[in-house]
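In the part that follows, the structures are each spelled out as C-alpha cells.
There are two complexes below, and they share chain A, which is joined by chain B in the first and by chain C in the second.
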Partner chain A sequence: MMKQYFDGLVAGIERTLRENPENKSPRKIYALEVAKLGSRLYSGKKRVAWCGVTAPFDLLNAMGVTSCFVEFVGAMLASTGMAGAYLEEAEHAGYAGDTCAYHRGVIGAMRKGLMPEPDFLIATSVPCTGGLAVMETLAKHFNKDLFVLNVPQRLTEESVQYLADQIRAMVAFVENHTGESLDKENLRRAIHFTNEARVLTEEVYRLAQSVPSPANGRVLSNFGIVMALLLGTKAGVDVATAYRDEFRKMIDNGESGVADEKLRLLWIQNRIQFKNPLVDMLEADYGAAIVSDELNDITWGAIDPEVPFEGMARRAISIPFNGDVTRRIAHLQQLAKRYRIDGAINPCNWGCRQGTGARGLISEGLKEIGVPVLNLEVDCIDSRNFAEGQLRTRLEAFTEMLNERPSIW
Partner chain B sequence: MAERSTERIGFACAYTPLALIQAAGFAPYRILPMGDWPDQAGQLLHDNLCPHVKRLLDRAMAKDLPDLSGVIFVNSCDAMRRLADAWRKVRPNDRTVLIDLPATADALSVSFFGKEMERLAGILDEWSGCSINAAEIEDSLFQYGQLARLLSDLSNRNRRGALSGGSTRIQELRNLAVTEPVEQTILLLQQALAESPATMNGQSGVPVFVFGNMLPDPAAFALFETCGVHVVGDDFCTGSRMFGEYEPSLSEPNIFRRMAERILSHPPCARTFDPGQPIKIASDIVNQAVACNAQGVIGHTVKFCDPYLARIPMIREALKTANIPFLFLEGDCSLRSIGQQRTRIEAFIEMLR
Partner chain C sequence: MYYLGIDIGSLSCDAVLIDAQENILATSVVPTGARNQEAIARATAEVFRATGLSETDLKATVSTGYGRDRVQSRTAAVTEITCHARGLQALKPDIRLLIDIGGQDSKAILLGRDGRVMDFAMNDKCAAGTGRFLEAMARALQVDIDELGELDNGAERNLTLSSMCTVFAESEVVSLIADGVAVNEIVRGLNRSIASRTLSLVKRVYSGIEGLPVAMSGGVARNAGVIRSLSDALNQAIFVPEKPDTVGAFGAALIAKERMENGKAA
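== the complex of A and B ==
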C-alpha cells in the first residue's frame, strides 16, 4: 500500500514538474525527494536501516543503505490522515496513550505490518529516551540486529572521540551486514555533498531572515530535520539549491512569503503534522508569518574529509536538543534575534518529555529577550484530541497581543 | 530534619556512584519524593513529565531539604535531564553537576563512563577541597559492597518469611541506606540480621515479585502486605537495584573504569539495555520471578515514564508466555495513588490463591 502511495506521489510530482517546468517550486523538489525516499524504504529491494534522529545519514548513504529515522513514519501517517488507526493499534496492545504519538504511530505501523522490515537498526540516544525504547522494540519485533550510538551531552574532545569511535564501530557493523566495505571514494563524495548542502542551507536560512521574509508557514516546514536524511547525496544539494534560488529571486523581486507580513513568528520544535487550518489562519487573518523553525538551523561546522567521523560526531552532539536546556534556550534566543521574531509558538507536543518537558524554562528564556511564547497543548501526530476552536482562540489572542505591542527590534 | 555533622551530597538516580561521594568525604543523600509539598513544579516542567521528577522539584521549591553541599544528577532519562535544568533555576546557589550515562555497556561506553566518573571525582575534589585517592575509593566500594550483601541477606530472610517487619522494613532500611552515612546503616543492618528470625511472618501472603521504577514509600509495601502480598523479590530503582554488590576486579587497574563497569552492569533500569538482546528486560523479570518462586508479578511505574511504559507490553507478553499472572499499576509517587489500587491488588491476590 505504502509503496503504491509513494510511487504515485513520485510520478505525480515528476509529471507536474515536467509539464510545468516554469513552476518548479523548491517545495515540490523537496517533496519529490521525500517521496523517492519513501518509495525506496517500501520497495522491498533496497537495504533499509531504521535509525534514530541523529544517525549519520550521509555515511549510511555512502554505504548504499536507505536509512531513515523512525519518526518519519509517524509524521507520514499523520500527514496522510491515517494515524488514528495505528495509534489505536498500539494503544490496544498496551502502549500507553500518554507517550509520544510519533513513536506510538511507529509501534502501530510495526504491529500492522506497515513498517518495512529493516536489514538492521541504528538507534541514537539523542534526542530522547522514548526514541531509544521504540528502536529496541523494533529490533525485537523484526529480530534484526541493533546498533546504538550513545551521543554524549557535552561537546568536549573526549566526547567527540567517544562518538567518533562508535561511528567507526558502526561502519564495521554495517559492513558486516551488507558484506561490502565502505568505499573511501563514496565517502569522500558524500562528505562533499554534505558540505555543499550545508553551505547552501545556511544561505537559505540567511535569506529567510530578510524582512519581509521569503519564507511562510509551509515552505520550510519539517525542512531541517528531513534534510538530514538527504545529506551526502546530490539530491540534498539540489533541494537546497532550489530553495536558495527561489528565495533570492523572491527577495530581488520584492516578494514575501506572506503578503503584507506584519508579524514574524518562531515555531518551537515539531510542526503539527496532520492537516489543520492554523497556519492559514495566522497568515490570512493576521499577516503572521512563521519565518523560523527551531529545527531549521545549521549548528555544525563543515565535515573534514580527512577526519570525517569526528566531524559527524560534532554534528550529532551539536543539536540544540542535546545537553542542558540553557544551550537550547541560547539557540532559541539567537534565532529570535537573527530573524527579528515578534513571538514564538510552542505546540508542546504531548508525550515529548525531552522537548516539551522544559517548556516553562524555554518561555522564561525567550521572555528575557522580550519575545513572548504561546504554549499550546497539541499532539502533533494524533488529531483525535485536536481542539481547533480552542487553539484558534488562543492564537488569535496571542497575535492580537503581539500586534498591539511595539516591535522589540 | 535532624542536623548531622557529615556534609551531604544530594542525588536523585540509582546510577549515582555512591561510593565515590562517600570516598570524597560526603554522605550521599537521596532526595526522595516522599512528603507533601505544594504542587509548583508545573511552572517550569510540563504536566506530562515524570511525577518523580516533579515531586523532587516541588520539594526543592518548598525548601524541604537538608543542607546540601552539592547535587549530582545523572543523564539517565529525559525527565532527569529536565530536573537538572529546573533545579538550577529554582536553587541557583546549589552546586550541581550532570553526569552523562550511556544507554549501553559496551567497552567504549564503559571507558567513556569511566571518564565521567573521573570528572565527577574532580568536581567532588573541588567541592570538598580535598583530593580523593584510589585507596579511599576502594574502601568505600568495599563498604557499599558490604551494605549490599547485608541488604541482600535481609531480603533473603524476608523471602523466607523470617524477617520481622517484612518488606516494609526492608524498604525503610533501604531508604536509610541512601540518606544516612553508610557506616550507620551497616550497623543497623547488622543489628537487624542479628535478630532471631521471625516466625510465621509472611506465610499467609502470596509470594509475588514486584518491579518498576520508583516505589520508595515503605507504606506502599505495607499496603501490599495488607492486601495479602508477600514480596519475595523486587526490582526498583529505589529498591534492590540501588545496591549492586562489588566484586574487586584485578583485570582492570583503572578504578574509575572499574566503577563504570560495575554501575553499567548492575541490574539495569529499563533505560539501559543490551542491543544484542533487545527487550531482555522481559526475560530478566520472568527469570527473577521464577528464581524467587513468585506466583505472580506486580509492575508499578510512575506515570509518564517512557523507558518503562514502552517496554511493559513486551514484559506482559513474556510473563504470559511463562504463565505468570501480571498486574500492572501506575502511580504518581504518592501513597494516595497506590492506595486507590487496593481493590485491584486484592483481586489479583485472590486470583492467585
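== the complex of A and C ==
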C-alpha cells in the first residue's frame, strides 16, 4: 500500500515537473526527493536502516543503506490523514494516549505491519530517549540488531573522539550486516555532497533572513530535519540549490513569501504535521510569516574528508537540543536576532518533554530579548486532539498583540 | 453615529451599544444556546429596543468571542483577549492585570500602561475552572448557579478537591455530599480550586504580581465566592466592574469606533 502511495506520488510530481517546467518550485523538488525516499523505504528491495534523528545519514548513504529516522513515519501518517488508526492501535496495546504521537504512530504502524522491516537499526541517544525506546521496541519486534550511538552532551575534543570511535564501530557493524566494506571513494564523494549542501543551505537560511523574507509558512516546513536524510547525496545538493536560486530570484524581483509581510514569526520545534488552516490564516488575515523554524539551522562546520568521523561526531553533538536547555535558549535568541523576529510560537507538542518541559524557560529566554512567545497545547501528529477554534483564538490574539507593539528591531 | 460590540461566547451572547462619545447606551446578555444566530439576533434586538435605534444607525460592529466569525453584520472580528483588555482599560485605566473567566476559557492578560495587551495566557486543554465547570458543580450540589456565589459563607475548613477535571470534580462533590460535608465547605473548596488554577495562569504572564492592580471580567466574575478565593490567593483586592460579562462586548464596541476613526475597517 505505502509503496504504491509513494510511487504514485513520485510519478505525479515528476509529471507535473515535466509538463510545467516553468513551475519547478523548490518545494516540489524537495517533495519529490522525500517521496523517492519513501518509495525506497517501502520497496522491499533496498537495504533499510531505521535510525535515530542524529545518525550520520551521509555515511549510511555512502554505504548504500536507505536510512531514515523513525519519526518520519509518524509525520507521514499525520500528513496523509491516516494517523488515527495507527495511534489507536498503539493505545490498544497499552501505550498511553498522552505519550509522543510521533512514536505512538510508529508503534501502531509496526503492530499493523506498516513499518518496512529493516536490515538493522541505528539509534541515537539524542534528541530524546523516547525515540531510543521505540528503536529498542522495533529491534525486538523485527528481531534485528540494534546499534546505539551514545551522543555526548558537551562539545569537547574528548567527546568528539568518543563519538567518532562509536561511528567507526558503527561502520564495522554495517559492514558486518551488508557484507560490503565502506568504499573510500563513495565516502569522499558523500562528504563532498554534504559540504556542498551545507554551504547552499546556509545561504538559503541567510536569504530567508531578508526583510521581507522569501520564506513563508509552508516553503521551509520540516526542511532542516529532512535535509539531514539527503546529506551525502546529489539530491540534497539539488534541493538546496533549487531553494537558493528561488530565494535569490524572489529577492531580486522584490517578491516575498507572504504578500505584504507585517509580522515575522519563529516556529519552535516541530510543525503541526496534519492538514490545518492555521498557517494560511496567519498569512492571509494578519500578514504573519513564519520566516524561521528552530530546526532550520546549520550548527556544524564543514566535514574534513581526512577525518570524516570526527566531523560527523561534531555535527551530532552540535545540535541545540543536545545538552542542557540553556544551549537551546541561546540558539533561539540567535535565530530571533538573525531573522528579526516579532514573536515566537511554541506548539509544545503533547507528550514531548523537549516540547513541553522547557517551555517556561524558553519563554523567559526570548522575552529577555523582547520577543514574546505563544505557548500552544498541540499534538503535532494526532488530529483527534486538535481544537481549531481554541488554537485560532490564541494565535489571533497573539498576532493582535504583536500588531499593537512597536517593532524591537 | 453608534457602534455595536457583540461578544458571543459559549454560554452567553452579550451586546453593548455606544455612542460617538463612548457612552454605553445599552447592554444585553442572553444565553447563547445551541443556535448562535438566534442569540446574536436577540442580544442585538434588546439593545435596539432599549435605545429605539436600529441597524441603520450603526456605523460599525465588531464581534468577539468564540463565535465572532458567525456574526454576519460584523465590520471586523477581534479576539476576546484584545476586546476585554480594551473594555477594561476604558472602565478602569490603572488596571495592569485582567483575569477573564468565561464559559469555557480562562485568561490572564497583562496590560501595559496604555491598555495594550503585553502578554496573555489561557487555560490549557480543558475547560475546568470556567463557567461550564461552575454550572456542573451547581448541578451536582442541586443549587441555582446564581446562588453559588454566596454559598461559601461561613466555611471554616480549607477543603482541597483532589481533581480539577470537571467530570471527576462533579463525582467528588457528589461523594462529599454523601459523606455529610457541609455545602459551604464544598463550595469554598471549589472556589479555591478555581483560584489555584487561575493563579498559575497569572504567574505565567507576570510572576511579580504583588501590588499590581488586578481586575476580573467575564461571567464568573459575578460569583463573589470565586472573587474572595482569588483575592486570597493573590493576596490583594480585585476590581470587578458593575457588569463584568459585558466588558468584552464594550471593548468590541470601542474598537469598532476606533477602527472607523482610523479608517481601518477590517
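By our rule, the second predicted complex is superposed on the first by the 408 of 409 C-alpha atoms of A that agree within 3 Å, B and C clash if a C-alpha of one lies under 4 Å from a C-alpha of the other, contacts with A are read in each partner's own complex, and residues count from 1 in each chain.
One rule holds in what follows: a contact is a pair of C-beta atoms (placed from the backbone, for glycine too) under 8 Å apart; a residue touches a chain by one contact, two chains touch by 3 or more.
Just so it is clear, the model here is predicted, and its values are computed rather than measured.
Shared-chain residue A:Pro372: touches chain C; no touch with chain B.
When the shared chain is aligned, no partner comes close enough to touch A:Thr201: not chain B, not chain C. When the two complexes are overlaid on their common chain A, residue A:Arg405 makes contact with chain C while staying clear of chain B. Set against each other, chain B and chain C touch different numbers of residues in chain A, with B touching more.
Look at A:Ala96: by the touch rule set out above, it reaches chain B but stays clear of chain C.
Of the two partner chains placed by the overlay, only chain C lies in contact with A:Ala397; chain B stays clear of it.
Within the superposed three-chain model, A:Thr233 lies out of touch with both chain B and chain C [touch as defined at top]. The residues of chain A shared by its contacts with chain B and with chain C are 360.
The part of chain A that touches chain B in the complex is made up of residues 93-96, 98-100, 103, 123, 125, 128-130, 132-134, 136-137, 139-140, 145-148, 150, 152-154, 158-159, 162, 165-166, 169, 324-326, 348, 350-351, 353-354, 356-361, 364.
Of all residues in chain C, only 66, 78-82, 105, 116-122, 124-125, 204 touch chain A in the complex they form.
Residue ranges of chain A in contact with chain C, taken from their complex: 360, 372, 375, 377, 389-390, 393-394, 396-397, 400-401, 404-405. On the side of chain B, the complex with chain A involves touching residues 42-46, 48-50, 75, 77-79, 81-82, 84-86, 88-89, 98, 100, 102-104, 108-109, 111-112, 115, 270-271, 273, 275-276, 278-279, 303-304, 306-307, 309-314, 316.
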